[in-house]
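Listed next: structures, encoded as C-alpha cells.
You will see two complexes here that share chain A, one where it goes with chain B and one where it goes with chain C.
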Partner chain A sequence: MVERDIDFKVFRYKQGGAAPAYQTFRVRCDENTTVLVALQDIRRDQDGTLIMRHSCHHASCGTCGMRINGREELGCVVKVFDLNTSTVVVEPMRNMPVISDLVVDMGPFYDRFNSAGMPLMRESEFLDEADVAEGLEAYMRCENCIECNLCVSACPIMGTDPTYLGPAALAAAWRVVEEPRGLDAKPLLDWVDSQNGCWRCHVAYECNEACPSGVFPGDKIMSLRRELTKRKFRRLFGR
Partner chain B sequence: MDDIQPTTDPVRPKAPLRSWFDVRGRSMSTLAFALNRLTAVGLTIYLFLHLSVLSLLVRGPESWDSFVALAKHPLFLLLDVVLLFGVVYHMANGIRVALVGMGVGHARHKTLFYVLVGIALVLFVVGAVLIFTG
Partner chain C sequence: MGPFHAVIIGGGGTGAAVAHDLTLRGMKVTLIERGELTSGTTGRHHGLLHSGARYAVKDKESAVECIEENTILRRIAPGSFELNDGLFVAITDEEVAYSSEFIESCQECGIPVRRLTHTEVLAREPNVNPAIKLGVQVPDATMDAMRMPLRFFATAKHNGATIKPYTEVVDFVRRGNAVSAIRVRDHTSNKEYEIGGDIFINAGGAWSGRIGAMVGVDVPIRPSPGVMLAVYGRLSNMVINRLHASGDGDIIVPQRALSVIGTSSWVVEDPDNLGLPEDHIQMMIHFGSELIPAVRTAKFRAAWSAARPLIGPRGADTGRELSRTFKCFDHIDENVEGFVTITGGKATTLRGMAETTANVVCAKLGLAKPCQTREFVLLPHTAYYV
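After this line comes the complex of A and B, so read on.
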C-alpha cells in the first residue's frame, strides 16, 4: 500500500478566541484515506481541539459538508489522493456563521427548510405508490436532499443577501408544488414568489455543481419560476 | 478567508464582491454570471458617459467635431471593441438568463450558453473588424 505525507491547511477559529487563522498538519495518508478520516487522525494524534461534524461516513447524513481546496464537498467521500495536491486546504462552508473551526451554525438553514414543508422531503422511495411510471427511468426526487448545506455554501447569491431562501429550501418547496399529495401548494408558491424567494437567484447553477446528492436545486428553482410565470400569465388573461 | 463568517451572528457575509467574482474552482455558469454583472456595470457606466458626450452637441459644432476627431484615434477604437464585447456578451447571456429564468430550456442551459455566446462572439469578431476597417 502506497503511503504519503500530505499537509492539511485547516481553518481554525474559536468563539471569543483569536482571529481566524490557518494551521497546517502533516498526516500520513494511503489511497483509502478520506479527508474526513485525515481530520479525525489530526484530532486523535495531534490536536484534540480540532472540531468538525460528521456521522455516517458514507454520504448519507449530510453533516460533514466542508470546503476542500475551495470546492464544496462531503469530507467523508473525498479521497485525499484523488485531489492530487500535496497541500489540502480545508475550510468551513461559506455563507453560514462559523461556530468553531469547521463547524457552521446550521440553524438558519433548517429554519428556511422547515417552512418549505419538510414532512414531504424523504418519504416514498420505498412506497408502492412511488413505483416508477412507464417511460421514466427514475424519479428525480428532492427526497434525495441530505440537508448538507453545500449548495448554500456554493451559491454566489447567498453572499449578497443572507435572507435569500437559498437553493435547498427552494428545491424542497418545488418538491411539494410538483407533488402536493393533498397539500395546498398555493401558500408555498406565494412564499417563494418574492424578492428573497426564487426571483433572487441569478442562474449561476453553482448549487447544481455542489450538490452531492442529485437534487439539482438550480433546475428546481427554474421550475418554480416557470410555474409562477404560467400562473401570472393566466391571471393576466383572466383565467 | 474573508468570505467565511467567523462569528455566530448571522450577519451579512463579509465579502459579497468576492462571492460574486471569485470564480476559482467554480463552474462555467458562475463565470457567465460574473461576466454578465461586470459587463452590466460597464454598460451602465458607458450609458452615462455616452449621454454626457452627446450633450456636447448642445455646445455647438466645434466641441462635437473635436470629439469626433478624438473618437477616430486607434486607441479610442480599441475601447469601442471592448464596448462591443460587453454589448454582445451581455445581450447573448441576457437572453439565456431570461429564458432559463422563466423555466424555458433550463435543462439545456449550458448548450444555450455555448450557442448564444458563440453567435455573440461571431458578431463580435465581425463588428471588431468593421470598427477598424469600416
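After this line comes the complex of A and C, so read on.
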C-alpha cells in the first residue's frame, strides 16, 4: 500500500495558556488513513496533550466535526489522500466556544436543538415492501441528524447573529411538523416563525453542503417557510 | 464525615454505568476520561444490543447476561434502540444441522427464538442471500452506541456526579498499601492536580491493563480488535447474523441510513495502535456479501478498528476463544487496597457490570445500599450537555 508523509497544521489552544496558534506535525499516512486517525496518531506518537472529540469512527455519532482545509467535515470519514494536499489544516468548528484544541463546547448547540423536541426514532422507510417481523409494529430506526454541529459551523448567518436558531434546530423542528408522531406542531411553528427563526436564513445552503448525514437542513428551512406561508394564506381566507 | 468518594478512571460505557450506580447508592463520584467520553471502544463497536443468541451455544454465561441486560436496557433507555430484532440465517447444510443445537441453547438461556422458513425470511428481508435455507428471529437490536452510554453520564451528572473528560491519570498516590489519590492532567489547560478518594475504580476497558500496571497490579486483559465496514443504505431492517459458531464477517447491523458489517478478531499489545488491515476490510466485503449480496456493490462509507477488552491469559492469539463475560477484580489479593478493576464484558452488559462493581465497592466500604439501576429510567443523552 502506498504511504506518504503528510503535514498536519493543527489549531492549538489551552485554557489559561498562550494565545491560540497552529502547530504542524508530520504523519505517515496510507490510503486508508483518515484525518481522525492521523490526529490520533499525533496524540499517540508526538503530542499526548492534543485533544479532539470522537467516538464511532463511521459518521454515525457526529462527535468528530471539525474544519479540514477550511471545510466542515467529520474527521472519521475524510481520507487524507483524497484531500490532495501536502499540508492539511485542521481547525475546530466555528460559531461555538472552543474549550481546547479541536474541542468545542456543544452546550449552545443543544440549548437550541433540544427546544425543537424532535423524537430520536422514526419509522424506517428502507425496504418498505418487506413484511415486518412478528412482534414488531413497524421497523423503527434512529433519525438522520447526528447532532454534529457541522451545519451550524458552516452557516454564514450563525457567525454574525448568535440569536439565530440555526440550521440544525430548524431542521429538527421541520421533522416534527413533517411527521408529528403524536406531538403538537403548532407551538414549534410559532417558535420558528420569527426574526431569528426560519426567516433569518439567507439561503446560502452552506448547511446542505456540510451535512454528512443526508438531513439537508437548508431544504428543511425552506419547507418550514412554505408551511408557514400556507397556514397564513389559510387564515387569510378563513379556512 | 461526608459520603464516601469513588473515583472512576475511564469514560466509556462501563465507567458511565458505574458512575450512575454509585451515585444512586449515595456516594460522591468523580469520573475522569483522558479523551472525549466514549472515545475508546464504546461508541466505536458494532452498535449491537445482543440478545445473547450469538453466545448461546459456547458461552452460556455471556448469553444469559446478555438477555437479562437486553430486557433491562430496553426498559431504562427507551429511544436508544432501533426496534428491528435480529435474524440468524443458515446457508449451508452444516448450518441447518447446527440450527437445532442453536435454538435449544437459546431456549436454555431464556432467549426467545422463532424459526422462520426460507420464504418467511425472504419476505422479511428481501436483500438476504436467496440461497438461505432457514432463519431464526431473536430479540437483537441496533443500539445508538454513543448516545446510550451518554444517558448514563447524563443521569449520573444530574444526580451529582462530577464527570471530567480530557483528564488523564498520570500517577497514583499511595498511603501504605492503599491508593489514596490519583494525579491527573487536565488536557484543556495542561494543569496537573490530585484527586483524593476512598476507592479508585479502573474502568479502562482495553486500556485497563495499562492503568493496572501504573499501580503494579496484573489485569489479565487482551485488547482484541476487530475491523468493521460501514456502507451507505440499510441493506436489511433486522440485524443479520450467520447461523454458525462465531467467525469473521458474519454480522450486518443496520444503523441509521448505514449498514455496518463486522467483524474480525486478533490480539494486540497496544490498544492505541490497532491498525486497519486492508485484507480484513476485503474479508468484510467477502463474507458480508454471503449474507447480503448487495454488500459487494454498496457505496463505501467508512472502515475502522475497535478493541474489545477481553479477559484471558497471555498467549491467546485470535481472541475468539476468550469468553465475552466480565470480571471485577479487587486488587487486595495483590495487597493493594482501595483499588478495583472492572473489565471484559460488552456494551450490552454495561449496567450489570456496574452493579457487580458497585456491590464489590459497597462491600469493601461497609455500605449497605442496594442497587437501584434495574428500574431507574435514564435521562435523554441531550441532558448531558445542559
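Operating definition for what follows: the second predicted complex is superposed on the first by the 215 of 239 C-alpha atoms of A that agree within 3 Å, B and C clash if a C-alpha of one lies under 4 Å from a C-alpha of the other, contacts with A are read in each partner's own complex, and residues count from 1 in each chain.
Note that a contact is a pair of C-beta atoms (placed from the backbone, for glycine too) under 8 Å apart; a residue touches a chain by one contact, two chains touch by 3 or more.
Note that the structure is a prediction, hence the values are computed from the model and not measured.
Counting the residues of chain A touched by each of chain B and chain C gives the higher count for C.
In the superposition on chain A, contact is made by A:Ile99 with both chain B and chain C. Applying the stated contact rule after C-alpha superposition, one finds that A:Gln15 touches each of chain B and chain C.
When the two structures are aligned on the shared chain, A:Met222 is found in touch with chain B, with no touch to chain C. In the superposed model, A:Leu83 makes contact with neither chain B nor chain C. Of the two partner chains, chain C is the only one touched by A:Asn144; chain B is not. Contacts of A:Asn114 after superposition on the shared chain: chain C is touched, whereas chain B is not.
When the two structures are aligned on the shared chain, A:Glu209 is found in touch with chain B, with no touch to chain C. The contact surfaces that chain B and chain C form on chain A in the two complexes overlap at residues 15, 99, 107.
Against chain A, the residues of chain B that register as touching in their complex are 1, 3-13, 15-16, 18-20, 24-27, 29-30, 32-34, 97, 100-104, 106-107, 109. Interface residues of chain C, counted against chain A in their complex, comprise 35-39, 42-44, 47, 79-80, 82-85, 87, 114, 120, 123-127, 137, 142, 144-147, 166, 168, 185, 187-191, 228, 230, 233-234, 236-238, 254-258, 260, 272-273, 276, 278, 281, 301-304, 306, 380, 382, 385-386.
Contact residues on chain A toward chain B in their complex (touch as defined above): 11, 13, 15, 19-20, 22, 69-71, 91-92, 94-99, 105, 107-108, 154, 156-162, 201-206, 209, 218-219, 222-227, 229.
Looking at the complex, you find that chain A touches chain C at residues 1, 14-17, 32, 34, 37, 40, 44, 48-49, 51-61, 63, 76-77, 99-101, 103, 106-107, 109-111, 113-114, 119-121, 124, 126-127, 129-144, 146, 213-214.
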